């Protein structure tokens, strides 16, 4: 549906534009949809627009799922 | 200066245009510069325009010249 | 029906178009699905048109590409490149220095390979009837292998070796075309004969192919379909530069369909795979075995993925355009 | 400096451009000024790009032209055409039927000559980067003459024979290009090998050339300059169709610069001129002797005109454009 | 190397868990086409237990763009002296008479852009020409179209317009979930749409229809996690919208993007290819921006057009049949010469299926 | 065959007569470039007695178009979004910075037309573009330009204009005949110019300057006749304008063509390349047609530009020197890379001379 690739913000050009890098590849992206953007932020880029910042954490529901998975594997208690 | 090639009028298209043939070659020419044009007329065509009708006769001065030439060749009396 | 860009992408529509042309020629043509024909006297012949845009790119230019591309088609059949015939179509208005620069690049590779230019032609096209310049190169040479390399030699158990990371040329050209900025990316454009020559003495080498238009994926599909064999390769084993992976990610391309211009896949009998790899490694340190020929699923290329799943690899189906989804 | 249309006209600017390219290749090229190179094993090689517009014309099409044009370059060196390598550049949007029609024409000539298509390539270019389609043909064959035909054989006294009326292809294409209507005009596009083959057994045949881009005048200048001999031809003897004369008149062209695509000039020793003419006459009833090679004025082609005057013939100097004066 | 081993270990654990959890036949639908492609490309299906199957939903903008909409796009692109800008995805979609790609081959000025922003730049660079952009896509793409239209309005750019066929996912999911013919036990919800929407718009699914739901990312691992979570919800009857893609999706979505969309568009009824008209499932430019509406500007009529005869795209999109069950699949309909839109986009269900599995290994 | 024999017989008779008549060194000037080409192409010079020589006059529109005029043409052709139509002859004429051909190679829309009528058709076919026609040539071509401008006016065509550099032959002949440096015994007058002008405009030549004059056609035979007639006039001191081309030229010329020219143009001073300004030797559009004047419409300035350094075109045009006497001839200046305009047109004196005789046979 919507191919989006994480990019790292390298340089903020103006309130609507930044240079972002997907690995070794640098592109100009629109940043209209993101508040409070900083160099170093990881953003998802879709159709030339950063649509969201990415976090490090997996979130609670994924953690719970993995607890269940490990439990089923006999590596965690029920 | 002004490359002009004799063409034969093949077909009159309108008051300003005719189809003319240079040997086996047919072209459309403008005829604005010629009065009283008829199919079969031989015209000189320069830059897409018929500029004059051609006559069969060589004219008096050319005939006189040839008399002189033949006279000099000893083929005519002085 | 019109000819469309997809017919030039190197994938299945291209194969179909070429098939139609060959069917007109019937028996008056060679239809063995190889990139280079072998005619009497062990002479190898190949021809290719080069229209790359931009004409100058990191790693090469259209002149270097033309000589590499045409002689590589000889090299992968075990044919030593010896002669070139080159035809150049030039758009009116091309700066003369560009032409000279391109010819000098072509000369550079020719000299390196000791290939002689024996016939040439130039035509000039009115402005707007070409994009700068196109080159067609016909390369000729002598087969030096015992038995000619070709897909008919492929058999179950053969090991597939790739000489280096895939997709560099295709990724670079796509990046340039679509305005992506990748400093570190350069085309792999290079002559393959120096790599292939030592292999011509190895009896176990079966077949090789430079992975140009359509990429590694398309070449392997041609092999599988043409020879009626199955192929299995492993994603984890295929060398891939991160730049190429990024370009493919961002534009939505499959790296298996990105063109190489100096990288070949080689099928070798299992007992000499190690020898071939060590021989290649001198000039191609990143060469590696990526899979094998199987009896199973004839006509089909299977890829063992990163997560251990299996999927089918197909030829490129149309024009490669960047996608949002 | 830019490449201009004049560099493609076949005359002196074309020679100069090709000279510059060859000088880059230096010793890595053959520079013998022939249309077809002879390499080891008596193999003849030639390549030519074909970009004719319109693609279909009375007397032929780009496919027929490509096979005739390339194999003719072999034929005029006494090389029997045997193999073809063909590369087609196609503009996106070309109707497929046009492509098929063109390939069928190419096949027609190939079959007539018993020439085999051994290598092929197609590329598709984005709309606006080509004018429909271009073909590059590389033709290969075996030299069957005792000594190779070529300009080095030319010597004083040789008789120059033309195989038919000159300038038909050039006049036709110019007429079509500039919107002149000439019903009876057709290109002379035809394979020359059937004419040349019987001559390969005649020891006195020295040299031949198909009078393509630049026309008979340019070919003879190349001979005179290349071999350091003089040439004399007679206007009255040169066969010329009235259609061609008319097109040249109206556009201000010199018929000696109009291209032929199935008409050759042949230099033969005087003692076998009659034999050659009678042999040619079977297939080329309008062949005729038009002049001779002389010791006088080396490097220069002289034309004895209709009125008995003498003038110098030069290569075509630029692009041929219609003139008003 | 270490990372690869860890990945394989994790996949193994998930497979084991799935085997354990899935004690009855289960059918899950991945709504999003990008999931579809990732599933095929990773060979993930080959790792699933026999009783777990995946069907592909209507999550590809190409596939759901109605044929009448494609025809309107082609009609517009075919006007002389106009630059028609489109995402590459739409190039090959067949309308009633050919595709944008065919038009381009015959001389129309059709340009592939990677973003709506590039289309606006084309308008700036070609001030004497009209530039029309084909606005397709879901909640993910709509905000970028909105941002560009706002910029065009601010800068008073007059030669730019958008042919706006954006669609909204939740109304289509409601239609699917409510269908009697559809038998799915859970949805893998679209990750990037959720980035914009957040979690709330899907809550009706577990609540009203008792189906399992997981918002998942696009790596094979993410998807596998999603599948295991769906199996877990079914097993424990713990139906909810589980957010497994918290790396990118915030529960509230992206409010800024939502605001931009509301600023520029109104919700409107829309026709989905194969599904028919769905209430309030599309976006229409507000009156205030109607000068950027290409359909109004060029007086285009968007007609209702039947699907090509024999094409079962509607059923495929609904998950009612697999692509292989369409009688045209891999015969008259293939990626080189697609009949229906599902065969066009490489993430269309039929194309993905063709590419990765029509040959049985 | 019979015709060829007769032709050769006639030429022989004319040569004999010339030998007989020319009892002193004679120099004749062919004014017209088409004569120049015909003379070279027929090898006629090789048949003349040693004491009869021919020099080429200023009769090629290309050669006499002033460099400032060429620069203006190039300036105009270089404007974007304009179609510049020209006779093929002008394509290679070098201006101060390159030629129209160079411009075209770099992307300007320069079209070769065979007539002014074709240029007008271009304007009709490209209504959104300006079409400018480069109007060069003498009395022969001016009537066609006039006719087309009248048509454009009647049909109210607004995107068509003419950059008008037409020149008139008699004023230039007066300048030549009056020059002290010029030593010619007779003029072969231009046949096709005479078709339009008739005989009267040349009468001043025998009357005021005691030079022989013959109006001749363009076949080698015609020219030979002209030369013999000139020799005859000198021998018998019978100076007049002898009309040997009565097949095409009427004594009164073509009154209709003359009328058209008067209707559309006024006489004006004009600059001739190498000769400088000559009073009333050019044609300017009447005020009534000024909307078709490209120079006015596009505000072009026609500057006075010196000839390229070393170029002796002026002296060649005046017949003061032969092309071979120019130090650049066949060295820096040749048809592939012309320095002066006389080397450009194939009927330019230098080009004709280069082509047919720079190699000494």
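By letter and in written order, the chains are A, B, C, D, E and F; residue numbering begins at 1 in each of them.
Basically, contacts are C-beta pairs under 8 Å (C-beta built on N, C-alpha and C of every residue); 3 or more make two chains touch, one makes a residue touch a chain.
Chain by chain, the UniProt names read as follows: A, B = Hydrogenase maturation protein HypC; C, D = Hydrogenase maturation protein, carbamoyl dehydratase HypE; E, F = Hydrogenase expression/formation protein HypD.
Worth saying up front: this structure is predicted, and the values here are computed from it rather than measured.
Participant: Identify the chains in contact with subunit B as well as subunit D, in label order.
Facilitator: F
Participant: Please state which pair of chains has more C-beta contact pairs than any other pair.
Facilitator: After tallying contacts for each pair, the winner is C-D.
Participant: Determine whether subunit C and subunit D, two copies of the same sequence, contact each other through the same residue numbers or different ones, counting it as same when over half of the numbers at the interface appear on both sides.
Facilitator: At the contact between subunit C and subunit D, which are copies of one sequence, the residues are largely the same (over half shared).
Participant: If we define chain centres by averaging CA atoms, which chain lands farthest from subunit C? Would you check?
Facilitator: B
Participant: CA centre of subunit C versus CA centre of subunit F: separation in Å?
Facilitator: Roughly 59 Å, centre to centre.
Participant: Counting only Cα atoms for the centres, state how far subunit E is from subunit F in Å.
Facilitator: 71
Participant: Approximately how many whole Å separate the CA-defined centres of subunit A and subunit C?
Facilitator: 36
Participant: So which bits of subunit C are touching at least two other chains?
Facilitator: 2-6, 92-93, 252, 323-325
Participant: For subunit A, which residues are shared contacts with two or more other chains?
Facilitator: If we look for residues of subunit A contacting two or more partner chains, we find 1-3, 46-47.
Participant: Among the residues of subunit E, which are close enough to touch at least two other chains?
Facilitator: Touching at least two other chains: 33-34, 60-61, 87, 105-106, 114, 137, 141, 347.
Participant: Between which chains is there touch?
Facilitator: A-C, A-E, B-D, B-F, C-D, C-E, C-F, D-E, D-F
Participant: Would you pull the subunit A residues touching subunit E in the complex into a rising list?
Facilitator: Residues 1-4, 16, 30, 32-35, 44, 46-49, 51-52, 54-62, 65, 68-70, 72-73.
Participant: Could you list, by residue number, the parts of subunit E that touch subunit A in their complex?
Facilitator: Its residues touching subunit A are 13-14, 16-17, 20-21, 31-35, 59-61, 87, 114-118, 137-138, 140-141, 143-144, 147, 151, 190, 192-193, 195-196, 218, 225, 228-229, 232, 242-250, 254, 256-257, 260, 347.
Participant: Which residues of subunit C touch subunit D in their complex?
Facilitator: Subunit C residues touching subunit D: 1-9, 14, 17-18, 20-22, 24-25, 28-30, 36-37, 39, 41, 43, 45-51, 83, 85-97, 99-100, 103-104, 107, 110-111, 115-126, 128-131, 134, 136, 138, 140.
Participant: Subunit A touches which residues of subunit C in the complex?
Facilitator: 175, 180-185, 242-243, 245-247, 249-250, 252, 323-325
Participant: How about subunit C: which of its residues touch subunit E in the complex?
Facilitator: 2-6, 12-13, 16, 178, 236, 251-252, 254, 296-297, 299-300, 302-312, 314, 317-319, 321-325
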